[in-house]
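Multiple structures follow.
Both complexes below contain chain A, partnered by chain B and then by chain C.
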Partner chain A sequence: MENRPLEYDYTVAKMFMLTTVLLGIVGMLVGVILAWEMAFPAVNTIAGSGLAEYTNFSRLRPLHTDAVIFGFTLSGIWATWYYVGQRVLKVSMAESKFLMFLGKLHFALYLLVVVAVVGSLLMGITTSKEYAEFEWPIDIAVVLVWVIWGMSIFGLIGIRREKSLYISIWYYIATFLGIAMLYLFNNMEIPTYFASGGIGSWYHSVSMYSGTNDALVQWWYGHNAVAFGFTVPIVAMIYYFLPKESGQAVYSYKLSLLAFWGLMFVYLWAGGHHLLFSTVPDWMQTMGSVFSVVLILPSWGSAINMLLTMKGEWQQVASSPLIKFMILASTFYMFSTLEGPIQAIKSVNALAHFTDWIVGHVHDGVLGWVAFMIMAALFHMAPRVFKREIYSKSLMNTQFWIQTLGVVLYFTSMWIAGITQGMMWRAHDEFGNLAYSFIDTVAVLHPYFTIRAVGGTLYLVGMFLFAFNMYKTMTSSRRVEESELQNASPMGA
Partner chain B sequence: MFHWLEKHPFFFAVAVFLTIAFAGLIEILPNFAEASRPVIGTKPYSTLELAGRHVYIKNSCNACHSQLVRPFKSETDRYGHYSLSGEYAYDRPFLWGSKRTGPDLMRVGNYRTTDWHENHMKDPAAVVPGSIMPAYTWMFKNTADIDTAYAEMLTVNKVFKTPYNTELPMADGSKATVKMAATLDEAHTDALEEAKVIVADMKDQDVKDAVAAGKIPEIVALIAYLNSLK
Partner chain C sequence: MDISTFQAYAYFFFTAFMVVVLYAYIYHLYSSQWKGKRDYEKYGDIALHDEITDQPIEHVSQNDDKK
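Right, the complex of A and B next:
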């Protein structure tokens, strides 16, 4: 065997990097439109009353969540998988024509699904279940894409040189298995066209479960789609990229073991916290609540492991914007995984459920943790993939501060909005009658909706800076040698 | 053991799968053993109501409106009796929602009328000053999909034994029967009859003309559905 370093093949990684940036912008742009619609309802008809059906809040809402989850985040997960996978398994995609073909097929089919999803959601073709809105033909395509990714993971593992699986690989495997199980069970549905002998629209289906059971399965899915889409694969990323970029070893192997197996065991129980005070059996609600609090342990295990990895090297946080992104991501992860369990406590949930505080929680997690980590990963990958230095360090710093300000405005305004509304809903006057009509509790939110829209817009501006920086890195930045790519990523001024 | 697992991907994957599947086995399956049973007074949806439910879903009404009254005094004061599991027995999918940008709609049929909905869907802020709900003008023009509603009716009746054409006990001791048509044409006729009752309380001349000509605009189906929520 020749004794030279492996040449990794990043063809597929590059494809998914592109969709990460594009769908990130699409998803967040739709989100910003929605935010302005809530603050100023006239925005609903911004494209004229003829197109109101397609620019209306309710039609765009599922498009926003799905574009960010299944567009931006999933692309980011796959971009990093096709990069990290090869490197920690010490094997190149170029070594197997079959795996290369699978990777490209994976991307092509994924693009088809994206187009189908955007089209169908705009037309109002939806099952109504959150993050599982796709009708059965798209579900089948999603399963196919997922199976191909599974073949790619285990194919690459099958021809690996490094026998021991690195921590990141554990998390990628868990992502694959977790989503596979959840997605299949939650999308059990019967196409009515076939069951009725050819009547009505061909893509319509009806859920296998009804009422309370349907809700139970949906939130077992919904909560854990967050677990295995927004937590597990993002932890996979930080376990690779933070040590690599900082040149530090992971602080504790034992802590990573505890955090991984703890997360796997505990997370699935917590779905019930979405159904507190509903018609789901009480013991399930209590289990959901209790396990949500227990979930702090494995979540903080990973986050602390990452922060302590920086031990003795904290000056890097000041000097490198890339490290800044990752450290802020870990910090938001800790923050968000403390906020979630607090909201899952029954007495807090009685106030918080159905309010904007929940929306705030989702966004400090996704904007602060998920998106920051994915962008950091892409920044770290760019010089290695394109063999050019990151175009501009100062632009990265600017982006970091604009987006941090955006997130802070977002979640603080939503806290106030949520708690205010929750308190007003339950307020009684001196005679025991409701103190406020519903519309009172809407009107009071206007300033917070406006602040949130400003925060979201700032974050979107940061996304455009990110896209511009990546584009320049790809096309016109200074070329770098392999020797410059050991740890800290090379950056232009 | 962990070191060994990390060198054996297959067993590693099996171990991960068992660990994550465990909670579902304990927490999710038991509820299925006791399938959702309807409470007295719960009826399956009629063809037009089902078509209206599809309009509700198509426009993601559930993104802003819940259908779940929690057992708190402030909620029962505002929306009526708290929700019971059996009331959802025929809801496929469930439409509890997760956010109340607007009020709960679980029992909206008890306190809003056809006339109110018509005005409100056309221009929410004219009916509720300060409302941030957008207008849904296209529902007055688009035609409701009765075919798909009927197909769903046939499906749930065949697969889940949803009791159509069956006498069901009502809360006041009477019996009620929800009809499932024998043919698609008959389903259209039935839906149109239901639609005529709704339209009698409406003002929009285009909608009235459409129904007179045998077409059912989405708004009529939606109102039929909203009126059925009690």
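Right, the complex of A and C next:
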């Protein structure tokens, strides 16, 4: 034992890789069911009217969003943290029994929270705040999980050998601090049972904010959950995995630092764009719009930096499906960080708000950028944590094209649906009477809802291919030597 | 001065201040490199040379020997 050379310990990373794949499938499967329900309402009662309570759109919708955000994405963030963190700090989890214990505790508590969330959401127990549906007992457990992760981050940093913190670490720290602040403030709530002296259920609560204030805090949270859940940690991943897989150092480290501070400063002020034309003060709406447009700069700073990292090595995009995933992710990042600011411009928002175009925007970001990057990260990690080559390159390529087609069908159908919807809602005759009723729009949108469901189904098929490829990699792929793991990941045919 | 005039001045100076901070940071990043104080680009190699047996780009004890 004493003579064994020190190695990185990926035990905790592997655990979170497993939940990334499983919860990804759950979240996306529920999403696909919802998409078919939108196109064909009979699907709401597909399991019979007796079980309709559990299969209808409104019951499943929070399960879809929360499983993708807090299940798939968070697991991906943690899987990569427990991998990247050790490597760029040049310290092994095996060197600290305490950190290893914390990592395992982190995973165990997280699993408990997942079970509590899935159970409570299926039972219809929610606070009714979007992306913050969990009731107070679960919130307390979430805070505990988060604090343990924080201890793990700073514990690992505390025993590091590499003095400088690589840019990815900055982004992971920002994720930790950002979500901690957002989650605490938005989930300030009063348990009604205890406050009222025993009325109602013990687990129910009401928000400490009300009316416009509640909306403001909610969208400050909601938008920045996108910032610190779907952007910052995913940027952390691409700054590590793309240079490592391609063997090219990041094009400009200085630009990465500048983009980091730009993103940190600008993102927090942009949430007001969710409340345009609402009861919040006008200056705040304008600020939300302006900061959203300014946000293009730091976002593109990172994305262009990634594309330039491939300078002189573009043949790798053609030859490696893993690089393909990351370059497409980076491209979708640029695309959705341009689309978002356009939607936040007041005149555009007057048309786009509440339409399917917004849904399209979220999904080209999450399916094209977040999920592609997380899957690429897991593909890169798999040979290194399992010491086996990726099972099948051709399966990866197939997955890539099926999912790309899925994303394209998804967002194009939602663009057309959203703009059609917005135009129909505002159309009126010369006397100011609305030209269309709500059901007129639903009839027109039906084909696009169907195309969206097909797109989502294709993406889910790709997700199953991903899970299969990962499973085979873990269990029966060819074993590889350490020397094969320098840059480009080894892949079977 | 009424509150909206004050807000307008504050807005202008704050924006100008932030622009100065931004450009000062860019200048700092480049001038550190010219003056030989710190080459930020070398940190890009942290991701590439990340085996536990690789030499750190900057060893944590390098400047903390007295600790």
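By our rule, the second predicted complex is superposed on the first by the 485 of 493 C-alpha atoms of A that agree within 3 Å, B and C clash if a C-alpha of one lies under 4 Å from a C-alpha of the other, contacts with A are read in each partner's own complex, and residues count from 1 in each chain.
Basically, a contact is a pair of C-beta atoms (placed from the backbone, for glycine too) under 8 Å apart; a residue touches a chain by one contact, two chains touch by 3 or more.
Note that this is a predicted model, so its numbers are computed, not measured.
The wider contact with chain A, measured as residues touched, comes from B rather than the other of chain B and chain C.
Using the contact criterion defined above for the overlaid structures, shared-chain residue A:29 touches neither chain B nor chain C, since it reaches no partner.
Of the two partner chains, chain B is the only one that A:439 touches; chain C does not reach it.
By the touch criterion defined above, A:261 lies against chain B and chain C together after alignment on the C-alpha atoms of chain A.
Of the two partner chains placed by the overlay, only chain B lies in contact with A:206; chain C stays clear of it.
Touch criterion met: A:279 reaches chain B, while chain C stays clear of it. Within the superposed three-chain model, A:163 lies in touch with chain B and with chain C [touch as defined at top]. Chain A residues in contact with chain B (one complex) as well as with chain C (other complex) are 163-164, 257, 261, 265. Residues 5-8, 87-88, 90-92, 160-164, 166-168, 239-240, 243-244, 247, 249-250, 252-254, 257-258, 261-262, 265, 487 of chain A touch chain C in their complex.
For chain C in complex with chain A, the residues that touch the partner chain are 18, 22, 25-26, 29-30, 33, 40-48, 50-54, 56-60, 62-63.
Residue ranges of chain B in contact with chain A, taken from their complex: 2-3, 6-7, 9, 12-13, 16-17, 19-24, 27-28, 31-32, 35-36, 54, 57-64, 66, 68, 70-75, 77-78, 83-85, 87-103, 125, 128-138, 145, 147-152, 154-156, 158-160, 184. On chain A, the positions that touch chain B within their shared complex are 37-38, 41, 44-45, 49, 52-53, 56-59, 61-62, 124-130, 154, 157, 163-165, 170, 173-174, 177-178, 181, 185, 190, 192-193, 195-197, 199-201, 204, 206-207, 209-218, 220, 257, 261, 264-265, 267-269, 271-272, 274, 277-281, 284, 287, 291, 350, 353-356, 358-359, 425-428, 433-434, 438-439, 442-443.
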